[in-house]
Structure formats: C-alpha cells, structure tokens
Amino acid sequence: MWLHASCLLDFNIPVDTPFLLMLRPRSGKQQWVGREQYVLKPSISAIEFTDPFGNLCQRLVAPAGSFSVQTSFDIEVADSSDTAFGAFFIPVEQLPEDTLPFLLPSRYCESDRFSKMASSLVQGVAPGYDQCNKIVEYIRTNIKYAPGEGQEIISACEVNERSQAVCRDMAHLGIACCRALSIPARLVVGYLETLQPMDLHAWFEVYVGGRWYTFDPTQDNLKGGRVAIAYGRDAADVAVYTQFGDPVEVLRMQINVEQISPPQY
Amino acid sequence: MWLHASCLLDFNIPVDTPFLLMLRPRSGKQQWVGREQYVLKPSISAIEFTDPFGNLCQRLVAPAGSFSVQTSFDIEVADSSDTAFGAFFIPVEQLPEDTLPFLLPSRYCESDRFSKMASSLVQGVAPGYDQCNKIVEYIRTNIKYAPGEGQEIISACEVNERSQAVCRDMAHLGIACCRALSIPARLVVGYLETLQPMDLHAWFEVYVGGRWYTFDPTQDNLKGGRVAIAYGRDAADVAVYTQFGDPVEVLRMQINVEQISPPQY
Amino acid sequence: MWLHASCLLDFNIPVDTPFLLMLRPRSGKQQWVGREQYVLKPSISAIEFTDPFGNLCQRLVAPAGSFSVQTSFDIEVADSSDTAFGAFFIPVEQLPEDTLPFLLPSRYCESDRFSKMASSLVQGVAPGYDQCNKIVEYIRTNIKYAPGEGQEIISACEVNERSQAVCRDMAHLGIACCRALSIPARLVVGYLETLQPMDLHAWFEVYVGGRWYTFDPTQDNLKGGRVAIAYGRDAADVAVYTQFGDPVEVLRMQINVEQISPPQY
Amino acid sequence: MWLHASCLLDFNIPVDTPFLLMLRPRSGKQQWVGREQYVLKPSISAIEFTDPFGNLCQRLVAPAGSFSVQTSFDIEVADSSDTAFGAFFIPVEQLPEDTLPFLLPSRYCESDRFSKMASSLVQGVAPGYDQCNKIVEYIRTNIKYAPGEGQEIISACEVNERSQAVCRDMAHLGIACCRALSIPARLVVGYLETLQPMDLHAWFEVYVGGRWYTFDPTQDNLKGGRVAIAYGRDAADVAVYTQFGDPVEVLRMQINVEQISPPQY
C-alpha cells in the first residue's frame, strides 16, 4: 500500500543548539520511498551521515529563535507484517555478525537482569519465534499501554515496576526479555498508519529463523502500514531528534499518516 | 543556489536483468536535498543500501520490456567550488584512514604507471594543491574535451594515447597523476548546472590541506551549481547504473538541471 | 616501555556454551604488539571478527567440561599517558562522526540522567579537559575504590548510590558525567602494569582538543604501562568474555603484567 | 594441520618512506593464529587499522638506511580446500551486499572487457562453480605458470596477451572471467605450504552456492596448507607492502612455511 506521511516539529530555541535528527526513511526490503521532502525553517545548512546501524542522520545547529523541521514522503509499504510461528531459534554461533550488537544489554534494555523473568515466561515454549510471541502476549496483558502519558524515556526494568508505558518503552521490555534468551532484538522507530491517537510509533524486531520479524506489543495484530525511520539497540540510538546543551522547548510535534493511491508522478 | 535536477532513463530490457543504480544524491557538506522523487515504471520493488564509499545504491531486477527510471530533486548547492592555491601536501602517514583507498591504482586510473609523467608535469611546483592544478592545466591543454563522443569507459593510459576524452575519462587521467604523487584523488559523478550540452557530468576531488577540493578538467573555472551523486575510485565504482547479464538497450538518457528560487514548500 | 602480559581463564562448562571473547590487543597509536599467543584448551575452532568499535573479537562454542583460554603478548606501550590541561571542548557540530556514538547514553552510563550533577560539578571550570579532570577528582574523592569486591557490573546511577565501586564502574560514572556535558567518552578495558592487586583494569577516555585522552579515577597519576584490549560505550560492549545461555563457572582468572627489556627476537 | 610460517623483508631505504603493510594474518573461518610475532628493525612506531576488506594493515614511515620487517606465526589451517562441483550460481539480486564490490572491474581485473571470452569458455557449462572450474582449467592449460619471472604486476588483459604469468596474475585472469559472468571473485594473498619454489603466493576465491570457494590456477589439486594474509579486489588492494614516494631497494624477501606438530605452549 502507498502512504503519505509527514512530521512537523516546532521548537523554541533559547541559544544556538546542536541537533542530531533521524527523520529520513530509507528505502529497504519492506519500503520504497517514492517522493520525499525535508524542510528546515529558517533554511540552514545540515550535514547528513549514515550511523553504525545504517540510519540516515542529519546534523545541524538550530539557531536561536523559532525553528521548525518538516518532513514528508510518499512511501510504498507492506500490507501486513510477516508472522512466522515456529520459526526457529538460531544458536549464537551461527548468527550473522551484524546481529550480535543486538544481543547485548543497552541503555533502556537491561537484558542482563532479565534472565529469570524471560526464562520463566517462556517455559515450555519452543525456542525462537514462539518465545518472542509469548513475551509480547505477556506484555500486552500485564503492561497498560498508556499512549501520550509518558515523556521521559524509561527502561525495561522501570516498565516492569510501573506496569504502564508508552509504545517505545513496552518495546524496551520486549527487547530485554528476548535478548535475555539470546535472541537478537532491536527497536524500530517509525509511523503506523492506523495508530490512535496518531503519533510517532515504536515497536521491535527479533532475529529468528534467518531474518528479522516484527512484534508490536501495542497492537492486536500485525496489520501493515508501518514506516520504519530508524533501527537501533533502543531509544538512545534512535531518537528522532537528539539535542545537546540546555533543553529547548518543543512547541509542537505533529505526525500525519494516510493511505493514498499509487502516485502518478 | 537552489537547483532542480532530473534524470530520465528509458531501457528496453530483453530478459529480466539485475541492476545496481546510484541515482539518489545525499545531503552532505556541500549540498542539501530539499525534495526528491524516485519513480520506477513499471513500479517494482527495489532495495537500497549504502556502499563502502557512502553512496546510496538501489538494487533491483528490471523486468523484460520497457523499463524507465525517473529521478528528480530540488537541491541547495554552493555558488562556487572552493579553490586553495598553496594548500599543502599531506604526508601519507598523516592522511586520514578513509582517504587511503584513494591512493591506490584502480580500474581506470593506473596510477602505478604514471610516476614519471606526473613527476615531470609538476617539476618545480610546490607539493599539494598547486601540483594538482598543474596536472589539470596540462590535461585541459593537451586532451581534447570531446563530450558525447565517447561511450566506452576508457582508462588514464588510454586517454593519454588517444588525446581526447569525455569528462569522466579526463578525470581518470587527473586522478592517476595525482595518486602517482601520493595525493588521494577520487571521481565524482553528478550534474553541473551550466554544462553544454547537458548530460551527466564527472570531475574529481583531491585531498590536500586537510580536506577534499574539486577539480574539473573540462571547465575553465570552478563555478558552482554542482550536484554530487556518487564518489568512488573511478567509473567502475560510480556508474549511475550497472547492469548484469546480456546488454540492455538504452533508449533514452535525459538530464535536466536548472536554477530555481529557494522553494517555499 | 615493553611489557609482557598474560591472561588465563579457566572455566567449568556444564553444557556447550557460545562465547564472545575480546582478548587480542590491537596495535594502535599507543601500542605495538610484538609477539602474541592465543591458546584454547581443548583446541577448538574459533572465528574472529572486528566489532563496530574496531575491537578484535573471537566467537566460539566452549565444549562441556574443562575449558581454558590463555593469551599472552609482548607489547610496547607509552611510558605515561598524555595529559592536556586546557584542551578545549569541541562543539558537537564539529565532532568527527565516529565520536558521536560516545555522546549517547548507554547501558551502564545513563548520561541522560546526569545533566544536573555534571553541571554542578564543573561549575566555573573551562569547558573541555578541565571539566573531565574535575569530574575525575570528584569521583576519586567521593567514591571508594573497592577493587575485587564487586562482581556484578553496575551503572553510573548505582555507583552514585553505593559510593563504592570497582575500576570499571567508577569509569562508568565518569563517562556518564562527561557525556552529560556533550563530551564524547568511552570505556577502555585492558591491563595496567603496576595495578595492585593485579587484575583486569578499566578506565576511560574523553575526546577533547581534537583527540582522545586517558582518565583513570582509580589512579593518582597517569603513569603509563597501560595496555588497551577493547574500546566501547561501556562494559556491555567490552566484556573480555560474554557467554550466552546458562551461567558457566569461572574457576580462575589470572592476569599477569610485567615490564621486560625490549625483546631481541 | 599446523604450520609455522615466516616472512623476512630487507629494504635499503634512501629517504624516509611511508609504507602500508599487510603482513598479519587474521584468524577466520579457515585458520586460527596460535602465536604470532612482528618485528621491525630498527624498532619504530607503527599504527594498525582494518581496511575496508577486513584486512589488518600497518602504517609506518621507514627510516632511511637498512630496514627490515620480520613476521612469523604458528597457525592452524585446513588440510584441504573445499570443492563443490555443482554449487549453483547466485543471481545478482540475491547476493549478500558485501560481495557486490567483487563483481566490479578493478585495476588488474578488467572484467568489463571479458564478456565474450568468458561466455565462450563456459559454453554449455552449468552456471556457478563448474563455470569457475572450467575457467581455471583453461588458464592452467593456456597460460604458462612462470613463477619468479614476473615482478611488475600485470592485468588480466596483459596475461592474456603474454600467455605466461606468475600466480597472482593468473588469478587476475581467473577473477576477470568470473566477474564477467556475474560471479563475485576476489584475490587472496598468502602462503602455501608446499609451494615450489617457496614464495608469497596468490590465488582467488569465488562466491557460489552461498559461500566463498578457493581456486588456484597454479596447482593441480586443492590440497590445504594455505594461509590467507589478505583479501581484495586484486593486487592493488592486497600488496603485502605498498611504499609511497621514490622506489626503495628490496634486498631480500624470504618466505618460509613448514608443517609443525600442534604446539604445546
């Protein structure tokens, strides 16, 4: 299906402030960017680079005053995400090298402290996809999805304590548990067409059966309409914007995603 | 200055044929992509990746029949390319690691066979930028710029023998001579606003005085309006399209570049 | 100075267990490996790869039973680590790309929660090296160096709560504070000649004034005799061994480092 | 089998000269380095880095006068190289990304000019391993292996013209033909236990059936005892030493390889 998606960020910047942005989707196995627009107001110079996870990043210094970033694009994405019940666990020694960083604990996914919980959750379940699914079912049942309520990023341990979280932090818990079982897991930041209320979204992917599969603890089924913007170990790697120095004021963050007919450019 | 540029490629494909394409400019130090469009007809799935030189590449299998690729973008680029007479030679042991591959001989730049010629050309010239400039002056004087006449890619040695070449192959000769003097040099493929007749363009960059500088043997001055699409060791690395298997027929290749007002999206 | 260093690891392995090892020092700016030996008993096949931080890693599956890893090497290292009081802070927008991952919070360095503490510690101190030095002085004064007492890896937040830590975790606190000031900081795992009691050691480096500088909260002065084995964001990235699956028993871990005469091989 | 191998390089250096060296084997799928020694005389500082192909490289400035490099190591390697008659051709669109650079023409492997020859050689042969084998048989029959006679590196085209070559250049011809058939092919520089006369050796690998396979046009069978030192597109990438500036004098290059009992360190 084809989507048109946009993101509008308005800031009030007290003093010149360096930013890292990740707002340019890549074309990849699951998505093709047909048209894309990236506007900075005021128009300032920015430099792009590819980070170690393959994400397209922009570096710039936002000038004091009003500053806005507007991105939009037409993109073709899958109608639904693949599922693969029964897909097998891949022993660590056979994992591709580029999946290995996604086995290690990270800022918001303290997998080193989830061995017991993860083992207990998946007792009797076949190693691999089904374990991940079991973990996601647990999260869906036991952690209250509280969209919009959380701003501070919290970690898997903290999600467990609070029993409620936004999508990103529910994913952190899922990732921590999967890694604790030696299954590579990574966070995805992006958009989801039918999300209510519309906002940035986050979910996670696991590497089983020889490829990455999508899991989304906030959604009952893996309907498609997903746009991946960035991949990383957790929210520390894939913030759509990271600002340095004194905090700036976010006046507005507005996401829009809608299905469109295949464009006839 | 802001440019609108487009590239239209029409092929007649006898049998399904794999392609590598490099047709998506990156935002970088010298250029910012404001809007971009990438259309494949028929609409088929493609996968993007970043090659070892940082270029955005697309892989796809063109289906038998008519196949076209249309890219276009609005881009802000520099009004003129920097020059730096006197910029110093950097001893090999102090070069950044990522410049080292650009010291070695490559398919179309047989720098291992240009020591004598390069040394002789730059006799008495201060090491660094001025040597590169001298080499480009030599090429401009001694090799006839024959745009459009050459299709087969030829190497620095062959350019020397034939004494005429297209822009890409003149750059090959410049690169070979600079590398023979232990100066990193790389080919750039892209567009140049005022090129006559309009076509794809190629030039080269050298690493002296701590950064990359532009040289263009086909142009008298380094006026701006340049859009870099891809960087590489030579034309083997940065073909805008590489097809595998039996040759396909190129029906049309049409480039357009024009200056525009800063867009008000 | 020349050092001979060795590391002996003896395990009791209940069931075949995958390992990642980082036990091969690289020759680099500060150190040259003259001779090296790496022995696995029983002799099993291992595969080496370079991780995203440039560390040489080994993957293997340790067979059930007794398993030992012995590495040793002769290495030339600096007599003392450079200091650079006054070395300036580099604005984020001018940092080299490969330093950027070391600005972000990581598993054991929750820099996103250290803004207040870090700002308060360095009040009135010139941005850059002197800030880092101030932070290290604070740690040296306020956190008790408790070598050998800690086994579980703890994070900067936890070090702060407990007020005592091993070298690695003291470095975590230093890193978290430096990153909170937008100074890239990374953990180094290695050996230190005169360490008492001899053990693996860990310290950290910060990027100021255009290069990486060493800080070691456990040592009064930066005398040399340091061997770097691996660099990373924190201990999650640079464990000398990471094992997957059920825990194995470490029977012995024995480090030895001694100064030697320049070898006459 | 276990081998002890050594390489001794003696130079007479007229003026301080920058070098790139590739003389440190990596442990990998096929080989494990048990003990290694690397000696520079006089003892000067060198910096190591990993090149884009994963090779361990050393950079240094050789001081005027006598300069020698001595490396030696104990290494476990396979008893024979795998063969795989019937292993299938992998369509370009399914090749792993990191094999793609090995499809392109390079300095000494002008695959863009070998389509006709390659197609004609493999007429009627099943795509994949068997094609490569056919090409190697052709080379073995038609190009005279003239070890030690050639010093200047020559390209596939030149090998074809001269009908005799050293191992490295025979490999260049094999690589050019395989790439012309859209089969990734790379040069390997290393040692071969039973080579007569003993010298550095070079052969090539092709990617078919999902992995790299060894071919050696100079040897009748793929007996083992091979040590890979470096991988690259051709000899331009994997010179064991590359020197910059005016040529230096090589006084001696001595290779020794012998089988040993499994070492009991």
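Each chain carries a letter (A, B, C and D) given by its place in the written order, and its residues are counted from 1.
FYI, a residue touches a chain if its C-beta (ideal position, glycine included) is under 8 Å from a C-beta of that chain, and two chains touch if they have at least 3 such contacts.
A quick map from chain label to UniProt name: A, B, C, D = Transglutaminase-like superfamily protein.
This is a predicted model, so every value here is computed, not measured.
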Chains in simultaneous contact with chain A and chain B: none
Between chain B and chain D, the fewest steps along chains that touch one another: 1
Most widely separated chain from chain B, with each centre as the mean of CA atoms: C
Cα-centroid distance, chain A relative to chain D, in whole angstrom: 43
Centroid spacing, where centroids are CA-atom means, of chain C and chain D in whole angstrom: 36
CA centroid of chain A to CA centroid of chain C, Å: 30
Multi-partner residues of chain B (at least 2 other chains): none
Which pairs of chains touch, using the document's own definition: A-B, A-C, B-D, C-D
Chain B to chain D touching residues, read off their complex: 18, 20, 49, 51-52, 59-61, 91-93, 97, 100-101, 103-107, 110, 112, 153, 182, 236-237, 242, 244-245
Residue ranges of chain A touching chain B (in the complex, touch as defined): 26-29, 32-39, 43, 45-48, 50, 54, 58, 70, 76, 262, 265
